[in-house]
Structure formats: structure tokens, C-alpha cells
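These are the structures in question, set out in turn.
Here subunit A shows up in two complexes: once beside subunit B, once beside subunit C.
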Partner chain A sequence: MKVTYPHMGYLNMPVSKMLNNLGVEVIEAPPISKKTIELGSLYSPEGVCLPYKINMGNFIESIDQGADTLVSVCGAGKCRLGFYNAVQKIYLAEKGQIQFYMLDTNHLFSDLYRFLRTVAPRASRLVILKNMAMGIKLLKALDAMNEAKNFYGARTNSPEQIIDICRGGTQELANSTYKKINFIRDFTISSIGAICNNNQCRPPRIALIGEFYLLLEPYVNHSIEDLLIKQGIEVKKFVYTGNWVYSNTLLQALGLYSEEKAYLDQAKPYLNYHVGGDGLKSVGSALQCARDGYDGIIHIYPFGCMPEVVAQSALKNIANDYNLPLLTLSIDEHSSDVGIITRIEAFADCIKRKKYQH
Partner chain B sequence: MAIRIGLPRGLLYYQYGSIWERFLQELGAEVVITGDTSKATLNCGSGLDEVCLPAKVYFGHIYELYKQVDYLFTPRIISVATGQYTCPKIIGMPDMLRSNIDNLPPLIDVNLNLRQNNRSLYQAIVTVGHMLGRNAISSLYAWYHAWQYRRLEQAIHCSKPNGQRIGLIGHPYIIYDQQISMNIIDKLNHFGIHVITPEMVSNRQAAIAAKTLGKKIFWSNGDHMAGAALALIQSRQPVDGLIFITSFSCGPDALIGELINQRAQALNIPCMLLTVDEHTAEAGFVTRLEAFTDMLIRRKQS
Partner chain C sequence: MHVHVGIPQAMLYHEFGSLWADFFRYADIPVSISGETNKQILDRGTLLGIDESCLPLKVYLGHVDSLLSECTHIFVPRVVQYHRNFLFCAKFAGLPDVVRNTFRLSPEQIISPNVEYKSSVNQLQSLYTTCQAIGLSAVPGYLAYRRALKSWRADVPGDIGSSTPKIAVIGHSYLLKDAFFCGNIMNFLASRGVQVITPNHVARKVLYDEAKVFEPDIYWQLSAKIAGAAHYFCRQPDIAGIIMVSSFGCGPDSLVNEYVEHHVFKKSDKPYIIINIDEHMGSAGLITRIEAFWDLVEWRQKY
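Up next is the complex of A and B:
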């Protein structure tokens, strides 16, 4: 049994670590490249959204390298994510005997546990739970480092250095043990903080909102965070893998957390119902940022994403009412990087000019 | 003077409009329904980015209507069947209307969520009645009356023995809107072809056929369309061809069309995918239909 999974940001790191610790053979898909997207689009329906195509490309590339067990997440309603696997299965069936495991986001904890029990029948329950805890801890550490990078990167003259340190720390985490995770995290964050030479300045702040996959996968969003940091702009993100996994596994399993309720009050009166995916969350966090006096909003989503299209019209209104600049980036497999980078840079310039005029 | 309530002819109007109209009339309101979609409707609605054509058409109808009425009836229909949803755009429609059109009259946007149980339907009925100054019992009675008048399900017509039969699969708000679908049913009938739409397949047949898909489709329209298509191609007398008509950037259809296409190919039944948007030219559309029907005729002869 050779397990593989699609890429999404740094999610592959804890997953592969978890599976390796449990003695499962893992074949990781090659990093997302132009070829992945081309392959994925070739074997996907034309009108489907970009994350589907990239997932498909990841699967095909890893099957070509010998993987035979695929694992992926699926939602349970409204958004197309819930139906990805049903269609992907049909195409991948042509590639031979392949096992498909789906983790439902509504019962992530139990599904993940059951999946690990099946692929690692010899591991004890305790070891499995411990590894799940390790995965979550690792993700949260990565999130914290990323957040520190976004904060300090905008307040220094050498953002490249900070980005490098963060990248180094990430690699170190990949090889660390459970006990060393917190140490590496703290060390990286303090060395990032040490470079920061201008703690007092107040750089322009941008809220980065939108669809989950595009926010988290640097290949498809053209490392938009690093790009903005280099322009001296602080980026605030509301979607973090670790936080999401944590609240959707542990807290939700205990009944302490409901994503829907948390954002419904926040998004009123611009959006009054959960429209699936991250639509409600985008609007809720944008509104919060508008009230907190942010300098701009960047909304990024795959072309044709149903929940985000609904959110977009609400965002336009928020931007209007609060006089906030809003940049909407709708991305598909044909988006050229130059076009997107130019738009982001122009937006950053416009924000800076607006901020420093006053 | 009776309260004037506007009912746009778009999206789920094609499925539930006659009941809504009757219900509102029973409650003593004057119901204003927009006319058929026209080129002008499309032009009004095209101001929106990235939404599908039926949603733009819906906006066009609202533009036509909103200055003449006291209320707009735009219920937020979240789910019409257990365990299913309609579609994110339909769910978010009242919010999209509010964000994009200024000076709207008050919307009657009661939530209707039958995903878990039917309670929300009765709540919605009572709320609408309350807005129009009726008490709970008389509004429920009005709904009961309206329900009696609903269009009865059409049974599958037995086809003429020699004629070609084509299954035309698509959302009701695409197929029955003559502007969006370019009158496709009449065009096919004109070619001497018998057209079967998903509405002509009974819910039961569709549900049985949809079970063979493995994973349950959680969009109710999509579920019925896929079930109907499978029922038509897997029956003892399968249709001669399938036409799947969808609008550009319709999310669920992108996946469901693919599922149907794969199944049809496996059973060796020709399947054509037609995607419409506001730029679709009628001549190109007709040419494709002609080519498809010619191919079916030649196939039958050989």
C-alpha cells in the first residue's frame, strides 16, 4: 500500500510525517508545477474549479510514480468540494486498481482516526492519537511562524531575509521530533523578531481573504503574501490550516465549536446565510477588518467558485460603505503570473499612496 | 388597495412559481409577474460578474419589476429535500440582490430549509402571512389551497414507434426559459424529434437511477437531472441521444454533466453538451442541433 495525497500549502509536511511515523509507505506527489496543472486540466471537466484540476494533477503524477491509495478531504454540501471524488474516481479508474479514502470535513476527527487505523493496522490506538496531536501541533507551529513573518516582514528593511529564515525554520520542522517543535517555533520567531529594526512603524495593513485552497497554496496564489511583505505591507490572513484542523477535529468533536455560527453574526447584514465553502467567512472577516481600520482587502478565489461569487457582491458593498480599496483576483489555470503580480503591485502602490497622503 | 407583490420569472419560479402565485393571491395580495425573458432583460442583468446566466436573468427580471411593487417575493430557498441543498447562488440570492441594487422595496426573503424537517416550511408560510397581515391559520389554509392547484406531474409520453427520442437534460430555469435555451424544445420538435425533459421522468424513477451513482448528489436539481438522465439511458427502451444544456459557470453542472457524459458513453449513447451564455449566437446553436440530429438519424439507419 502506497499512500498519496494532494498538496495544499504546507499541509503535506504533517501528513507525511504522521504516516511515516506509523510505518505507512508514502509516495508524495511532486511539487505543483506547470505540468501538474496541465495534466490535471486534461483529465478534468472543463468548467470545474482550479483546486479540482490541481488535485487531479497531483493524483495522476503520484499514481505514475506508483501510488495506489489516495486520500483526500471532501465537504458535505453546497460547495463542489463535496463532489470532487465521485468524478475523480471515474477518471482515475482508468489508471488501474486504486483505493480512494475520503475524510469528511464534518467529522474530520473520526474519519482521520478511522483512516489511520485502516492504513496502519498494527499501530496502537495511543500511537495514532499521539501522531494526530503531533500533526496538529506542527501545523499550528507553522501557522505561528507564518504569522510572525507577515507581521515583522512588513516592519523591516530586509524582508527577504525574514522570508528565508521562515523557510529554513519550516524545513527544520519537517525533520524535528514532537518535543522539539515548540523550540524550533520559538527560535525561528525570535530570530525573525531580531532582524526587525523598525518596530514602531505602522505599515499599511491588508486583509487577505477568499477561498481556502487559493489562500494556502503559494504556487497558485503566486506567493502573494511574500510579494506584499516585500512591498512593506502587513498581510492579515484569517484562514490557517492548523487552526482550522484544530477546531474541526478536537473542538468540533467535543461540540465546542461551530464554524457556521461563529461567522454568521460577524457577516450580518451583508450576508445573512451560510452559502457554503468559505463565503460567509470571507464576508465576516472582511467586515471585521473594515471596522478595525484596515487599509485594503484582497479577495482571491478560483474562477467560478460558487460561494465566493456570492461573497464578492457583498464585499463590493462593504468596500463601498467603508471606503476601502478592494482587489478581486479570480484565478484559473490560464492566469499568467505577470498579470497577477502587476495587479498586486499596483494595488499595493495605491494603498501606500492613500495611506501616506493623510 | 391590495398590496402589490412582485414575482420575478426566473430561477425556481419555473418549479414553484404557480404555487407561490396562488398562495400570495389567496393571502389577498396583488401579484405582479414579469413577462418572458427578453433581450432587454438579459442586458439589464449582464452587469454582474461571473455569475451564471440564469442568475443574471433573475436580476434582469428584478430590474423590470422593482419600481412598480410594494414587496418583492424572493424567498431564500436553502433546501427542498432531505439532505440536499439548492445551490449557493440561489441561497445567497437575496443578499446578492441587496448588494447590487439600490432602493429595493422590502424583500420577502423567508428562509426555507427542508434539509432536516418540514418545520421551516410552516414557519415560512406563517411569516409571509404575518407580513401581509394574516394570522397563522388563514395563511396555512392559503398554502393548503395553493398546493391543491400545483401542476400535476406529467407522466412520460409513450413515443411514436419510429420517431427519434432525445433526452434534454438541464435545469428547468434553463430549458423552459425560451430566451436562454433559444427555444430548444420547439426547434427539436420541428426536426420531428420527441423531447423528454427531466420533469417528465417521475421523481421515483430518477431517485432509483441516481442510486447507481454511488455518492448521493447533494444539489437537489442536479440530483434529479442526473437521475432522470440515467433513467432515460438505462431503461429498456433507451433514448436515442442526450443533450445536456447548461449555462457557462454553473458550478454543479460542471461535475454532473461529466458524470452523465461518462455514463452515456459507456452505454454507447451519443451525448452532446451545450453551454449557453449571453453571447451565444443562435445560428451556431442551430447548426449544432442540426448536426446532432442528422447524426442520430444516420445512426439509426445504419
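Up next is the complex of A and C:
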């Protein structure tokens, strides 16, 4: 059995570590490239959203390298994510005997546990739980480093250096043991902090909201966070893999957390119902940022994303009511980086001018 | 309080419209239906809606726009879940918010009961929300609802006769029942003496029973209905061909069409065509394709 999974930001790191520790053979898809997207679009329905096409490209590329067991997530309710695998199976069936494992996000903890039990039948229960805990810890460490990068990167004259340190720390984490995770995290964050030479300045702040996949995968969002940091803008994100996995596994399994409830109050009165995917979350966090005096909002999502289209009508009004610049980036497989980068730069200029005028 | 309720004749109106309209009529509330879609409604909707939202949503906004001048309240129910195993698409769950945000209406101007489960408690809750919004007391409201529900349930599709040949046209009923979208197709087929059958001619229960085969996969109710219809029509010997209509930007359709094509159409020997319509309403391309499809069907029947 050779397991593979689609890419999404740095999520591959804990997953491959977890599976390797449990003695499962992993064939990781090559990093997302132009070829991945072309291949994925070729074997996907035309009107489907971008994450589907890229997942498809990942699957095809790793099957070509010998993978035969695919694992992916499903079940975001009203959005298309839950239906991905039913259609992906049709195309992939032509590639031979392939096993599909779906992890339902609504009961991620039990599904993940069951999946690990099936692929690693000889590992003890304790080892499996330990590895799951390791995965979550690793993700949280990565999130913390990323957040530090966004904070300090905007407050320094050498943001490139900070981005490099963060990248180095990420690579180190990939090879670290459970015990060293916290050490590497703290070390990276303190060296990032040491470079920051302008702690007192108050850079313009932008909220980066939108669809999960687009926010997390730097290849498709053209490393938007790094781009903004280099412009001297602090980026605040609300979607973090570690936090999300943590709250959707442990807390949710214990009944302590419900994503819907948390954001429903926040999004009122612009959006009053859970519309699937991250629609409610986008509106909720945008409204919170507007009230907190942020300088702008960037909304990024795959073209045609159903929940985000609903969210967009609300975001327009929030931007209007709070006099907040809003940049909407709808990404499909054709968006070239030049178009995106130019728009982000222009937006950054506009934000800075608006802020420093007053 | 002066109340005049408007119901946009788009989206789910084509599924539940007679129930809603009858309810207000039986309760003696003045009610207006926005009427058939026309070019002006489409243009307004395209202008008002988010560029990349689906065609039916844009048209819906056009319908709301046409009602605003004369009505005090717009009836935009939030239909999330109606059947235990199925959900509706995200846009139905957010519809009242989209309408409110687009037109900047106050919450009082929109009647939006939440239809979340198919339980009697939820029915009463939605009924109560509706009555509250229009200042109707609960008892006459309930009686009107009961009456409307009864006549809605009694409305079983009639037999359409058996003159051959028959072509099945399947798709969301807000496309099929809207002459602005499918009128061209229907007129063409009628001009060739073809009998058209749509999912609306088949009892709902039959369609959902047919859809049970797809149950673990399909979780959108309207898509399940379409898949069930495809499954049903493919097994009817008197159906000569199937036309599947969907609209640009429809999320569920983008995947379900592929799924149905693979699991239903390719396994049957019926000729089929999938037509995607958008707001650019040039009819020549559409007619040519239907003509070609009809030629194929005729040719198949001869040999």
C-alpha cells in the first residue's frame, strides 16, 4: 500500500511524518506546479472550482509515481467539497485499482483515527494517538511561526531575511522529533524577533480572508502573505491549519467547539446563516476586523466558489459601511501571477496612502 | 399596517410557489408574483448580482427588483434542508442575506422563515416567523397554511398522454419552467411534433425513490431529483432522447452532470445532450444544437 494525499500549504508535513512514523509507505505528490494544474484541469469538469482541479493534478502525478491509496477530506456540508471524490473516482478509475479514503471534516477525529488504524494495523492505539497529537503540535508550531513572520515582517527593513528564517525553521521542523518541536518553534520566533528593528512602528494592517484552500496554499495564492509583508503591511489571517485541526478533532470530539456557532454571532447582521464552506467565517472575521480598525480586507477564493459568492455580497456592504478598502481576488487556473501581483501592489499602495494621509 | 407581499417567480418558486402564493391568498394578504422572466429582469439581475454568481441567482435578483416598487414585503424563504438526507445548495441558505445585502433592505422588509428540517415543529416555527412579519395572528395563519398545503399536495402531475416520440428534458425546475430559458428548446421540439416530458411530469416520490441509488454520494436535494429523473427516464422505453439543461455557474451541476453522465447516460443506450445556458441569450447556437440532436434521435429511430 502506497499512500498519497493532495497538497495544501504545509499540511503535507505532519501528514507524511505521521504516516512515516507508523511505518506506512508514503508517495508524496510533487509540489504543485504549472504542470499539476494543467494536468488537473484536463481531467476535471470545466466548471468546477480550482481546489478540485489541483487535487486531481496531485492525485494523477502521485499515481504516476506508483501510489495506489488516496486519502482526502470531504464533507463541508453545502459546498462542493463533499462531492469531490465521487467524481474524481470516475476519472481515476481509468488509472487502475485505486483505494480511496475520505476523512469527513464533521468527525475528523474518529475518521482520522480509523484511517490510521486501517493503514497501520500493527501500530498500537497509543502510538496512533501519540502521532495524531504530534501532527497537531507540529501544525500549531508552524502556525505560530507564520504568525510571527507576518507580525515582525511588517516591522522591519529586511522582510526577506525574516521570510528566509521562517522557511528554514519550517524545514527544520520537518526533520525534527516530537520533543524538539517547541524548541525549534521558539528559536525561530526569537530569531525572527531579533531581526525586527522597528518594533514601535504601526504598519497598516490587512485582514486576509476567504476560502480555506486558497488561503493556505502559497502556490495558488502567489505567496500573497510574503508579498504584502515585503510591502510593509501586516497580514492577519483567521484560518490556521493547526487551530482548525485542533478544534475540529479534539475539541469537537469532546463537544466543546462548534465552528458554526462561533461565527454566527460575529457575522450578524450581514449574514445570518451558515452557508457552507468558509462563507460565514469570511464575513464574521471581516466584520470583526472592520470594527477593530483594520486598514483593508483582501478576499481570496476560487472562481465560482458557492459560499464565498454569497459572502461577497455581504463583504461589499461591510466595506462600504466601514469605509474599508476591499480587494476581491477570484482565482482560477488561468490567473497569471503578474495580474495578481500588480493588483496586490496597487492595493497596498492605496492602503498606505490612505493611512498616512491622516 | 399596510402589507403587500411580493414573491419573486424564480428559483424555488418553481418548486414550492403555489404553496406560498396560496398561503398568502387564503390568509387574505395581498400578494404579487413577479411574473415571467423577461429581458429587462435579466439585465437588471445581471447588473445587480455578483459577476460570477450563477444565472438563476442573478435572475432572482432581477425579479426582486421588479417587485420592490409595489410591495412592502418580499418573501424570501431560507430553504436549507427539507428532506432528512439532503441539503440545498449554499445559495439557498444565503438567499435572504444576498437579497438584503444587494438591495440594502431592512430586516422587516424581508419575510424569511428558516426551513431547516422536515419536522412539524420547524414548519410551525417558519409559519410563526412569517405570520409575525406580516402581522397575521397565528390561528388564521395556521388555517391558511393547512389549506395551502392540502391543495399543494393534491397537485399531482397529470398524465401527459402517450403520443410518440417523447424527449425528456431534465434540469432544475427553475430553468425548465422558465420560458425565458427553455422556451426555445420546448418550442422547437413542439414544432417537430415531439412530446416533451420533464421531471415535473413525474411524481416527486418516484424521482426520489429512483435517486436512492445515488444516496451515499449526492447530498443536494435538487441534484438528487435530477439524477433520479435521469435514472428514471433512461429506463423508459418510450423516451427517445434526453436533453439535460443546466446553467452557467451552477456549483452542484458542475459535478453532478459529470456524475450522471458517467453513471446513468453512458450506461444506457439513449442519446443525450447536455446544454449549458448563460445570460448571453443568442438562440441560434442553441437551436442548431437541438436540431442536430433531434436529427440524431430521428435517425436512431429509423435504423
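In this section, the second predicted complex is superposed on the first by the 357 of 358 C-alpha atoms of A that agree within 3 Å, B and C clash if a C-alpha of one lies under 4 Å from a C-alpha of the other, contacts with A are read in each partner's own complex, and residues count from 1 in each chain.
The criterion applied here is as follows: a contact is a pair of C-beta atoms (placed from the backbone, for glycine too) under 8 Å apart; a residue touches a chain by one contact, two chains touch by 3 or more.
What you are looking at is a predicted structure, and each value in this text was computed from that prediction instead of being measured.
Peer 1: For the combined arrangement obtained by superposing on subunit A, do subunit B and subunit C clash, or do they fit?
Peer 2: Superposition result for subunit B and subunit C: clash.
Peer 1: Considering only the touch criterion stated at the top, classify A:Ala86 as touching first (subunit B), second (subunit C), both, or neither.
Peer 2: both
Peer 1: Kindly classify A:Phe183 by the partners it touches after superposition: subunit B alone (first), subunit C alone (second), both, or neither?
Peer 2: neither
Peer 1: Enumerate the residues of subunit A that count as touching subunit B in its complex and touching subunit C in the other.
Peer 2: Of subunit A, residues 45-49, 77-80, 82-84, 86-87, 90, 270-277, 279, 303-304, 306-307, 309-314, 316-317, 330 contact subunit B in one complex and subunit C in the other.
Peer 1: Touching subunit A in the complex: which residues of subunit C?
Peer 2: Residue list for subunit C touching subunit A: 50, 52-53, 57, 78, 80, 87-91, 93-94, 96-98, 101-102, 104, 107, 114, 217-220, 248-259, 262-263, 276.
Peer 1: Touching subunit A in the complex: which residues of subunit B?
Peer 2: Interface residues on the subunit B side: 48-51, 76, 78, 85, 87-89, 91-92, 94-96, 98-100, 111, 213-215, 217-218, 246, 248-255, 257-259, 262, 275.
Peer 1: Where on subunit A is subunit B touching in the complex?
Peer 2: Contacts found on subunit A: 45-49, 76-80, 82-87, 89-90, 270-277, 279, 303-307, 309-314, 316-317, 330.
Peer 1: Hey, which residues of subunit A end up touching subunit C in the complex?
Peer 2: Listed in rising order, the residues are 45-49, 52, 77-80, 82-84, 86-87, 90, 269-277, 279, 303-304, 306-307, 309-314, 316-317, 330.
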